[in-house]
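Across the two complexes that follow, chain A remains constant while its partner is chain B and subsequently chain C.
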Partner chain A sequence: MPMSPTRTQRRAPSPSWHGLLWGLVLLALIPLNSLADALDAALIDLSDRSFEVKQAAVEVIAVSGDPRALKVLEALLDGDLYARTSDRRPVLAAASPAGFRLRDALEGTDLGEADRRDIRKITINNRMRTQLRSAIAALTLASPDAVLRLSAARELLGDPDPLVVEAIRAQFEREEDKQVRDSLALALALASLRDEDPEARLSGVSALAGSLDPSARNALTRLLGEETDPHVRAGAQRVLAGIEQKLKLNAAAETLFFGLSLGSVLVLAAIGLAITFGVMGVINMAHGELIMIGAYSTYLVQQAMPGLIDYSLFVAIPAAFLIAGLLGVLIERTVIRFLYGRPLETLLATFGISLILQQLVRTTISAQNVAVQNPSWMSGALQINPALALTYSRLYILVFALLVFLALLLILKRTALGLQVRAVSQNRSMARALGVRSARVDALTFGLGAGVAGVAGVALSQLTNVGPNMGQAYIIDSFMVVVFGGVGNLWGTLVAGLTLGVANKLMEPWAGAVLAKILVLVFIILFIQKRPRGLFPQRGRAADG
Partner chain B sequence: MGLVRVTRDDKGGQAMLAILMIVAVVVPLLNLAVPASSPWHVSTYTVTLLGKYLTYALLAVAVDLVWGYLGILSLGHAAFFGLGGYAMGMYLMRQIGDRGVYGHPVLPDFMVFLNWQELPWFWHGFDLFWFAALMAILVPGALAFVFGYLAFRSRVTGVYLSIMTQALTYALMLAFFRNEMGFGGNNGLTDFKDMLGFDLTSDATRVGLFLASALALALGYLACRFIVTSRLGRVAVAIRDAEARTRFLGYRVDRVKLALFTFSAMLAGVAGALYVPQVGIINPGELSPLNSIELVIWVAVGGRATLYGAVIGAILVNYGKTYFTGAFPEAWLFALGALFVVVTLFLPRGIAGVVGMLRTWRRPRSSNGSQPEARG
Partner chain C sequence: MSRRDPIKPILLCAGLALGVTSGLVAHAEDETIKVGVLHSLSGTMAISETTLKDTVLMLVEEQNKKGGLLGKQLEAVVVDPASDWPLFAEKARELLTKDKVAAVFGCWTSVSRKSVLPVFEELNGLLFYPVQYEGEESSKNVFYTGAAPNQQAIPAVDYLRDELGVERWVLAGTDYVYPRTTNKILEAYLKQNGVAEEDIMIDYTPFGHSDWQSIVARIKRFGSEGKKTAVVSTINGDANVPFYKELGNQGISADEIPVVAFSVGEEELSGIDTKPLVGHLAAWNYFMSVDDPANAAFIETWHGFTKDDKRVTNDPMEAHKIGFDLWVQAVEKAGTTDTDAVEAAIIGLETPNLTGGTAKMLPNHHITKPVLIGEIQGDGQFAVVWQTDAEVPGDAWSDYLEGSKDLIADWTPPIKCGNFNTKTQTCLGSQTP
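Up next, the complex of A and B:
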């Protein structure tokens, strides 16, 4: 990366300051021994009455590079630093029964008790505060911990103080961590934008090309506001346009991710329905409540193992599958099996069941939403670049949705149960004639669909509120996804769910969340008029049913 | 004569109309003529409650017309009901005039609150009663016509149609929740003062609205009876039982469906328009898909394809709701849920079916074949 040395700063302080600064920078090159002496002298100077002397002392302490100096400067900034009247040594004072207990500010050694007359607070002014912040950052920059260096580098972005810039440059030369190096390079480029030399500014501008950091964009915008040199202007405009372009691309990627994430939620919510409705032809209006039951299972599992939230989901997934699945088998055996061939009646009966389940949760647990915790590994985000971060929870749920989908696909296509399920759904009497116990298959299929709804509930409990009404929020969307994708087709459900999710998020920026949802609904209603059997209709005789 | 044809062979309907007539005479008398201290006095609260039930009954009749006789399980009737209600609500809103909280001469309170400068175009004309009443019928009718035209032409049937009507209701509800739509958003329309110059809080106006509801129910019932006893009604039943066969016989199935569906939606709109002045509020919650399913169960409880059964079901279920939510609020959803399950499992023909069964059980030889068998 081309980087011109900062010879003169645009907003240089007064000339005397300037000379002093250079002297201090040179100090950094003086061997360590004399530096330690200089540090001691500077510590004494901190308690001088003149702010100018104090400022000079801070500069000396800052360039000392001594990690212990950091604590002194921080204490000074926080107003916790005192000077002992006897030897002017800077100390930290904590209130104690006798007055104050003193500790050496640099060494941390105990200096005994003292009266309030023995110490004097070291005062600072606003100008010193600014100086201290830069100095503290510069010291942190030299820290052996890469994480600390990175955060210091971020803090120093756009800091115009020439001394800080020098410190950044020095650190940049020896920095080995790539991330920190990039941040330092960005900071140097930002600093050179303020250089008096147009050449330096121009090289700063070109160093910023393609940077997605918000500070780069801000600095370029500001530069365009005050820049007079036509070359630099043209360069800045070109670089800024490039950055805007890249930001747009990242925003599009982010929208796509949000869309896929919403789509994965839709797929999860709908995929159980794709079994019960799609394969069995049962209109299960209690599907949303089975999702709710799954979410509540997560809550109950977390209540049962309070110290192990990080592992709770691995227990909750099978638990929710079993609870919701058994409930599904129960519903099928007691109600639905009497209603095969009468889909509209099934709709009403299962709706009744959904009301009962809702009220059951309200009565036994609470009418309020319950708090389901997120495991620590679900929080945080995958930072792709400064403008694009993918939250882990959404990422995991996207992957989880695909896994559930694949598992179901395998069960239906590769297992004996799947074969029987498909046989019964295509021709019940023929399947029975061939020895398939259709009643058992019905119960298991419905249980499978219900269990998957429960598993979806576990995932959804990590994204949304868990309450007795949460199922209702998903039931209509789930039906839309299944109908849009084509009844009886798992792939259709996957494609439809992801498509609707992305479409929703694409429309949201200009239409708003609610209107986008309405538009999607209207689109599906119109789409079904054109293709009543959905995106991927079932072919052959099964389609006539 | 038409009326004879319509009510002949409809014992249940005759009884229902007779009871309705008696109630319509007795209840207002007991409210207005009997002093409040007498045990025979019927409170205005009860009159309004009964009036509300009657509008529900009219809505249930509208649903039964398409579900019982045409096999369309519409989950969109709450939307049609709500649209009729909103049309009437807009009229009542304009009648408030400058008596609102903000005292603006033209704009309703919520528009002043949202800093709107002038009335949106679709609010014009709603200061006239005849216009609002017309819109309460035409808007649901138009929506049903457009939706039905598209759906029936492309032969969307059965559960698909149910799900689509549900999506329609859901989309409308979401739309009405938006403040930008100009229908009061979440809070809906309320704080009504008077209607046609009559104070909405006075007893006489309440009784008037009750009578209007009773009249609308009777007329709506007779109109539906007229349809189902006509040739059109018989084609409708044929479509319900064997749609493809009816089409092959040369009937324009989509047109029959469209006509009945649109008429039913208009009837639902009338019910909504009568409902709003009695309860004093209309908000997007009325358009929820949940309500749509709930009103289907009224019809199922009373008995499908009887029309009078829908009236019985609507009144019974809603009385139960009023009673339960007052006495055992926890138990209402259990009761309603169980009702859904029990009726679909054990009483596929509802209360009307039970009555019919009892009658055939007492007179095993009598032929009771005039009621067509309903199928899902």
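Up next, the complex of A and C:
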């Protein structure tokens, strides 16, 4: 089998690590003390300015066969390795009261305290990161830790060097962990595609059936390009078709997830408005700023509890609800209550409030965006298979949106407040005649809608930038969702938000992000022409009032 | 309607106050040389441009400490065009006609530059523009001290191809003139270098885009087809933060699919957590981390001037410093601040840049600059991983676009033209409609 295509494929990132194994073979031929000298020289070279010199040094350290080399390479990869300015010796530095406490990187011996100026960080670039990962993988393939073995096996996937393949086969024989075994089996199957023997290639092909790992598909595509044996060709074509089919399904599932996730953001942003605008009929232009206030509450909570970022959201959610909710009550009591029944003036007044809130944040906190951190449990992705991963942040926010929706639904349908809210919104004078204190209900309803907007702000702070202008980005979308769903109907908001999200994501691949948004907007305008009351119109007298 | 928009009266007052002060100044002082500062101090661009206003104020202060210019003190006239493009033109007119400034330092976005260009040409003023831009322009009245595409985008692509072995390209940008022109040039350049159509993916997103999941998933799929892939990002402003976050969340690391950005610098990184970004790249002509005595002195002066030793320096600040130094030299050489004399005198002048080299003003009103590629580090700074051997001369008209490859700009006699066609030997004339 010709090896050249794979060679050029891997040419780029690193002086490939199989040099290491040859180096290990050569080890025996070189006298020991000169090796130790070479290692020492290489350690000094690590602090060189040129990345080429550093790479050569890493190569030497990796093949040195010194058991302590692994620690040095790992420290280098993690950015923990420093060079002492006096003698360029690589050291590990830990912050201490006097500055830094130094340890020799190789020996681990204590070298005393040092000042910031006494050490210089050894910087690495992407090429070195790749090189270091491969070198570390080679040194940890037989490690007792299954996690390390797994990452080593992944790193060595598709490496064509016969020595590497031998090492993988040896590890495969004695491997007990299922995940590592699977990875190693995949690596062996990929290797057997390059075998001289058509039988071996064929078995390699069948072993790849259904594998969603990108390297499997790439190897099969490559094989089809150069394979001459008809049996192997037919087999490869069949397996590849199967993989493509599966990938398509996964891509569809992914698009659906993205759509639902975008939809959940829309629902979250709109659901507060579904109350203030939908139930109460207040055209609340400050809705976006209430979301912004919620996001800033998250920021302030995180500032107040540094070191506890993982728990900060659980404090931020009630805090944001209270702050935004109280602000909502304040706005209702001081401005909006004088303007009921005068939608144009409400619109202008709330627009003014939105500008005041923006400027308030600008002057009290900062005109710049603030950094809201993600808790560790919000980052990363849930890997369902090699082709489908759902990011945790989106997943949690989807669930969160549904929870908020259910909670609101319960409040409106099952509590006394909910009953009064519905009564006032359906027929104010009748409700008052029956003893409902409509002014109090108005304030509470507006506060509830504002509070929910604040809670939405907490969730959005995890996805997007938090700055004084952030509310502006959501106000149009929110009105769009509420109007599309049908004013005054929570279910309408949910369905409308999710539908618009999925529609947007379905269109994005072929229309682009900008055009997809425009198309959605045009669609809604046309839809409203046809059904002015949205998806789920309210029926009965209230709707006519 | 008593509860009307409260901002307007405030703005009016501020405007009045500004008018009054600048009016006073104009009457009182005739022995000073005025320098206009045209940077947004409010609105969306304030984040980036406020720093540049401070930079010019610092440069003026430093020059005055050295005894001023032509025996007179320099005086900065600051106006706020408020990130509003037509207002840029108005404020430029005000600076040139009312304050009679000798030179203006200003603008950030290309659209603001395009907006003031006719004003500077009509009133024969001088503008020093400090930001990297898309090229395809050369005006007699503008000096482009930021990078042209051949001083940033093209070398960055060369680096990715030659050093990292990149074969597939994602050109991702914000949807406006700078990314679109730059990507057009890059696409033409890549195709001329034998990159196939299906190995280039182009994607535009609106300003402030925050839902990056499907685009990042597409980039991931595009990059998993066996060829080394890189993203060339002209994404502007705060949309970068959710973009990099999403890359991190979907498990794309810098050594699998590196992202090289043209609009992300120290200032943009100063507000965010850079851990998920480590290893991604940026191409500029200056980094704060460059180890050079001139740079160290500049940073020290900056910290002294702002009384804040956490403030970062960045590429456009260096460009203003170079532009200012060149202007000062040109005025001294010409012995006057007259526009035509300074314009003639400045061409060919040299000044040291902050990275150990020399910046020279070329006949096409661009300058020579080194190109540096830096990797983002955990502390929000860049580590230089590659740089050109020598300074690259800025090229106003791209050699890779059909319409512009025969054009050159040369403001020295006998050509004296910003868009001279070398094939037909004609000058196309004014570029402003």
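We take it that the second predicted complex is superposed on the first by the 401 of 545 C-alpha atoms of A that agree within 3 Å, B and C clash if a C-alpha of one lies under 4 Å from a C-alpha of the other, contacts with A are read in each partner's own complex, and residues count from 1 in each chain.
Here is the rule we use: contacts are C-beta pairs under 8 Å (C-beta built on N, C-alpha and C of every residue); 3 or more make two chains touch, one makes a residue touch a chain.
Owing to the predicted nature of the structure, the values given are computational and were not obtained by experimental measurement.
Undergrad: Name the chain, either chain B or chain C, that contacts more residues of chain A.
TA: For chain A, the partner with the higher number of touched residues is C.
Undergrad: Look at A:I518 in the shared chain and tell me whether it touches chain B only, chain C only, both, or neither; answer first, second, both or neither.
TA: So A:I518 only meets chain B here.
Undergrad: After the superposition on A, what does A:F479 contact: first (chain B), second (chain C), both or neither?
TA: first
Undergrad: Can A:P532 be said to touch chain B (first), chain C (second), both, or neither?
TA: The answer is first: A:P532 touches chain B but not chain C.
Undergrad: So, does A:F314 touch the first partner chain B, the second partner chain C, both, or neither?
TA: Touch partners of A:F314: none, neither chain B nor chain C.
Undergrad: Which partner does A:W377 reach: the first (chain B), the second (chain C), both, or neither?
TA: neither
Undergrad: Which partner does A:N469 contact after superposing on A: first (chain B), second (chain C), both, neither?
TA: In the superposition, A:N469 touches chain C alone.
Undergrad: Report for A:I356: first if it touches chain B alone, second if chain C alone, otherwise both or neither.
TA: The answer is both, since A:I356 touches chain B and chain C.
Undergrad: After the superposition on A, what does A:A389 contact: first (chain B), second (chain C), both or neither?
TA: second
Undergrad: Hey, what residues of chain A end up touching chain B and chain C alike?
TA: Of chain A, residues 335, 345, 348-349, 351-352, 355-356, 359, 514, 517 contact chain B in one complex and chain C in the other.
Undergrad: Using the touch definition up top, name the residues of chain A that touch chain B in the complex.
TA: By the definition above, chain A touches chain B via 283, 285, 335, 338-339, 341-349, 351-356, 358-360, 362-363, 472, 476, 479-480, 483, 514-515, 517-518, 521-522, 524-526, 528-530, 532.
Undergrad: Where on chain C is chain A touching in the complex?
TA: Contacts found on chain C: 1, 3-7, 44, 46-47, 163-166, 175, 203-206, 208-211, 213-215, 217-218, 221, 224-228, 238, 241-242, 245-246, 248-251, 254-255, 258, 271-273, 276, 278-279, 281, 375, 377-378, 383, 385.
Undergrad: State the interface residues of chain B toward chain A in the complex, per the touch definition above.
TA: 73, 147, 150-151, 153-156, 158-160, 162-164, 166-168, 170-171, 174-175, 177-178, 289-290, 293, 296-297, 300, 330, 333-334, 336-341, 343-345, 348, 375-376
Undergrad: What does chain A use to touch chain C in their complex?
TA: These residues of chain A touch chain C: 9, 11-13, 51, 79, 123, 125-127, 129-130, 133, 214, 217-218, 221-222, 251, 254-255, 258, 261-262, 265, 335, 345, 348-349, 351-352, 355-356, 359, 367-371, 373-374, 379-381, 383, 389, 391-394, 463-465, 467, 469, 473, 505, 508-509, 512-514, 517.
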